[in-house]
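Think of it as A, B, C and D in the order they're written, each chain with its own count starting at 1.
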Amino acid sequence: MQLSKADLLKAYRMMKTIREFEERLHVEFATGEIPGFVHLYAGEEASAAGFCMHLDGRDRIASTHRGHGHSIAKGCDVHAMMAEIYGKKAGLCGGKGGSMHIADLDKGMLGANGIVGGGPPLICGAGLAAKMLKTGGVAIAFVGDGGFNQGTTAESLNLASVWRLPCLFVVENNGYAESTSSKWAVSCDDFTDRASAYNMPGISVDGHDFFAVYEAAGEAIKRARSGGGPSLIEVKINRYYGHFEGDAQTYRGPDEVKKLRETKDCLMLFRKRVEGATLVDAADMNKVDTEVLALIDDSVKKAKAAPKPTAADLLTDVYVSY
Amino acid sequence: MARSVARVGIVANPAAGRDIRRLVAQASVFPIAEKRNMITRALSALGAVGVNEVLIMPDGAGLTHRIVRALRAPLPEGQVWPEVRFVDIEPGDTAADTLDAVRLMVDDGVGAIIVLGGDGTNRLVARAAGEVPLVSLSTGTNNVFPSVREATIAGLVAGLVASGKVTRAEACFRNKVLRLSVNGVPRDLALVDLCSSPELFIGSRALWRADGLDQLFVSFAEADAIGLSSIAGLVRPISRRAPFGLWLDLCPLERASRVIRAPIAPGIIVDVGVETVTTLTPGAQVPLRLKRGVVALDGEREVEFAPTDQVLVSLAEDGPFSVDIERTMIVAAQHGLFVRTGGSEISAASGAA
Amino acid sequence: MARKINYQQAINEALNQEMTRDPTVVIMGEDVAGGMGTDGEQEAWGGVLGVTKGLYKKFGDRVMDTPITESAFIGAAVGAATAGLRPVAELMFIDFMGVCLDQIFNQAAKFRYMFGGKAETPVVIRTMYGAGFRAAAQHSQCLYPVFTHIPGLKVVMPATPYDAKGLLIQAIRDNDPVIFCEHKVLYTLEGDVPEEPYAIPFGEASVVREGKDVTIVTLGRMVHMATQAADNLAKAGIKCEVIDLRTTSPMDTDTILESVENTGRLVVVDEAHPRCNIATDVSALVAEQAFDSLKAPIKMVTAPHVPVPFSDTLEDLYIPNAAKIEAAVKAVMGKKG
Amino acid sequence: MSDSIKALTMPKWGLSMKEGKVASWLLQEGASVSPGNEILEVETEKIASAVEAADGGILRKIVAQEGETLPVGALLAVIADASVGAGAIDAFVEEFQKNFVPPAEGEEDAGPKTQVIEVKGRAIRYLKQGDGGTPLVLIHGFGGDLNNWLFNQESLAGKRTVIAFDLPGHGQSSKQVGNASLGEFAQVLHDVMDALSVPKAHLAGHSMGGGIALEFALAHPGRVASLTLIAPAGLGAEINGGYIDGFIESTGRRDIKPHLEQLFADAELVSRQMINDILGYKRLDGVDAALRAIRDKVFPGGKQAVVLRDRIGTLAMPIQVIWGEDDAIVPSKHAQGLPPKVKVNVLKGFGHMPQMEAAAEVNKLIEAQLG
């Protein structure tokens, strides 16, 4: 696996941007200024980045309620995302979607989704469109361990296999469906076991290791682009925060997250590897850190200052024409 | 007859059989449920030959959970299972689990360890098993070191060895091993093959591409093997028991002195250019040609190295002990261990010797 | 050239012409070709009642059979619509909405609003509804009010072959998600239909009969029941104005209100169950906006609040008919039934 | 039954008419009538018009009462000579009613049917009625179709073949309009006449159809027996551009109605059915583009592009112009100042559609010119 220095820095920036976006939201949410539900992706960055580093304008992804990471990785504008989460008119969705519905179809981001298991059927459709229009594009459904139990996911795996669609079904198994352990709620213990039932390859990768995800994603995407059909990839991963902001997480071990941050943090592992291999200087990555922090800081400042939508916005954007 | 406790360890790698080779090749998928079934079949056999206690490596991926459920269920009619204990580690679902668990099993005096996994799992167990013999069962078709055997039989032989009914001298043999040191410090080992490649990252570990492979070291090379060692096996087959290994410098096809078409992964048969073939004698320290890259141990990329690192490979004869399943059962048969006379119990079923 | 074809042929012709015109139009659904994967006939069915027959032979893999997985393929149609196709998905019976509703009302219907007006989802979901086939409680319902309730969806209820073709063409060309409801009893109904493609705009009711005494607002199959009632009532000197809504979302409220302002009396006929249906919706509209024009209380003729029964005697009692409509009209005219 | 007793029956105006309502009687029993006299008003879904007498005699008995809706072919009145006895009239009525079977629902129309002919790659719909003589060809205007002649064609077909057809871009003909000029349409007329083996014809054109007829006559004078130009284009630059634009831009009943009302002196004539028919036509694929192309070519910037009045004097065949004085689309003042050989008829109290609003009068004028 070869990655140029520019690629490595791009991946690092992507993951770092997601991390700082989420860490900042965690702080800001606690002030009470952010309305509604917010589900943070911190800890899972290597998954979004490992897949989205391979994607371009032809490709489409569908995300989950925990969608900020995928959105950033697929190129959604950070300022607009932040403004959206603050419910502002300048938001990516004009303040009509919020955290759970961040989407930018022009960027191939079919939306975070408030419905667990809502994405896979849509991704079958995006894959079908790519196949019929011969764009060479692929479509990726990111699903959690909760969503992967939904009937929609089961149906979509079957349909994608029957139609041999250029789709990837990525189960980001962070161990908890809301507050319920995947060890209890998932009958097969390991999601890759389900792949063979749908006649597609299924593999597991360590979601803390960007390089493991990146390589597996690359192969699955290559296979899909070349007409090889869908794949199932389980990314074993951890989230640093609760199901939603405000979740006391009494279902988790006392030092669980602390230990994860110390031993399995994807950014830490990434830095150690590229520095150890003398591929990227620490100074280059430190510079990225500084720039990302400034970007997030600026996005929060602007989001707070931005105006809210007005009464005139309530009734627009329901239909193209009515 | 003095009675002591017969213990057997079981290490099952829950992650084995789900790596990237399912995506890039047609490698077999091995469901966790089947691993659980293999363990329960082995437990039946272990109970049948009088093993008192079985130590199992716990995991976080659901295998433990399944075994616990199986233990709570009523036993099949007429069966007696050994006591089952999960060794005291906190599973992190990494390689360290296996190393830690095997060390604890060795400390607790297990007489044999049943290993469910592939070459990679056995490699880890070998690092910590010391003198304890392994009964290696392949979970999948992508392996060279373990063989595809029925778990019931594996349970029987592990029990016979652990309880001393068949002696180690009769049942076991010692494997060769390839050792890797970085900057003078022993780093890791390989049971079958060790290969260097100019890739920069370990990535998803498994190695399945022939292009770029630089050097291949094998402790043995079977002509009917799957994987990288097949390249050597098709040039010059070398048995597990031979007192030497082999070292091949590989190269692009156009520069090759010979081109070998080898099955380097399930469903992947490719041409590999071989520049030179050298006998690897025990003790010789061979430096790698590459300055930067990764080393794959038994087909899995494990070690990244930079130009500042000095990387050496050597062959040693003090590898792990393995139980020869076929020979052990022949010996048991010759001793009449499974013959029932009159109303008495078979001797294989008695307590530890 | 206009000529007589039936409702089912009109739908088939609309699909055929739009697929010819626009290569991004695709069809998917259970058995829309039929016989897939068998050793027998290709395109064995062409839809469970043969509505899409012939399209697979002409358009090949643009007519896609699906596994019986409504969530997956209705969702796939929605996803494909966001990605450059104009899918027409067939939800065989409207009753099956229960196994795919999320993809329709939480996904397709909401994309545009949730995403700040930047999404277009030009998907059509064709679906069969209505009683009269002795198909019992899970294959006979009139669930279009549920879809009508959802902002973001358009709901189309053609009553004639002419409308079926023109409204389906509009549905396919429309850039919003459209639920296209076909009454199974109407498939064999014949009528004049131009050969050329044409699009009937949504939100334009059709006044199928003019009259000064009573306004009958109705839709779908009930248009024909209402017309029959109006014919009978005309002999008794009662002139009914029959309004076919054609689409329930958008709804042509102007035509309803104008008519009621002229007649002063309203009967609403709806095959759906009586709670929260189109009849209650139209009644509320008139009560709120044209109350002063009313000379009599509004009457609603609907199915009863029970599931659709199987036995023919019960189903016939269940379905609103001309006699019930005539009685309602006579009641608002102050005459004894 | 005496041949001298004639039945006046519910007429069939247009192919889709099934029934009509007797609106009012214009003559009383005992009035004497000549062929072409208007006897009563009938309303249909599409339009209201007068029923003309086909035969001369005395209006002996009114059978249908005002307000009654009757099927096509139903007996409305009896016309007979004064010499016929009252008993014979009653017997005639009784006999008629006994034998009358109204056309059943959905029954195929036994009357004349439109046909389609392929002319240089375009499908052209036409309706042919009558037989013999020098044929009369009817040419409708912008946005119209052969049904514009529904009160005229049958009446004029008594003595000759009468052909009405849909211009390209109109009715049920192909929607390809080529360069959309009057010359293009004149060429289509030429090709249609060839295809139907009509070497020479009387032409009657309405509005833009009048311009087409005039253009054709100038190009092929030898093939034109006479010209009747009804509210024609081509005689002046003015035209109601607002009407043309409104007709094109309107998409629904409410917005098109006020535009259509400009066509008639009596706005009540614009029925819901007429509006539906026009909307149905406008919604056919290709129509919108065709109408816009014609507008841009023939009426650019709200003016007529082609004015031929200076050349009309060069034509040798009989020519007449018929205009509703209150025409709001093409001003009737264009009828003024034409060469003396052109017979000018300006009808008081009518608008742009005199062949519909004043069908009897127009039919009489055409009949007179055709001789």
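The working rule: a contact is a pair of C-beta atoms (placed from the backbone, for glycine too) under 8 Å apart; a residue touches a chain by one contact, two chains touch by 3 or more.
Quick caveat, the model's predicted, so the values are computed rather than measured.
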Hey, which chain is the most central one here, using CA centres?
C
Of C-D and A-B, pair with higher C-beta contact tally:
A-B
Furthest chain, CA centroid comparison against subunit C:
B
Taking each chain's centre as the mean position of its Cα atoms, how many Å separate subunit A from subunit D?
69
Can you work out the whole-Å distance between the CA centroids of subunit A and subunit B?
37
Please tell me the distance, in whole Å, between the geometric centres of subunit B and subunit D computed from their C-alpha atoms.
97
CA centre of subunit C versus CA centre of subunit D: separation in Å?
38
Draw the chains as points, connect those that touch, then say whether the picture is a line, ring, star, complete or other.
line
If I apply the definition of touch given earlier, which pairs of chains qualify?
A-B, A-C, C-D
Subunit B-touching residues of subunit A, taken from the complex the two chains share
1-3, 183, 186, 188-190, 192-193, 195-196, 201-205, 209, 211-216, 219-220, 223, 231, 233-234, 236, 263, 273, 276-279
Contacting residues of subunit C [partner subunit A, same complex]:
24, 26, 61-62, 64, 66-67, 69-85, 87, 102-103, 106-107, 110-120, 151-152, 154, 174-176, 203, 250
Can you check the complex and tell me which residues of subunit A touch subunit C?
60, 62, 91-97, 101, 103-106, 110-111, 113-115, 118, 120-130, 132-133, 135, 139, 151-152, 155-156, 158-159, 162-163, 316-322
Can you check the complex and tell me which residues of subunit D touch subunit C?
106, 114, 116, 123, 125, 172, 175, 251-254, 272, 276, 280, 283-286
Listed in rising order, subunit C residues that touch subunit D in their complex are 1-2, 21, 162, 166, 190, 194, 196-201, 204, 206-207, 210, 254
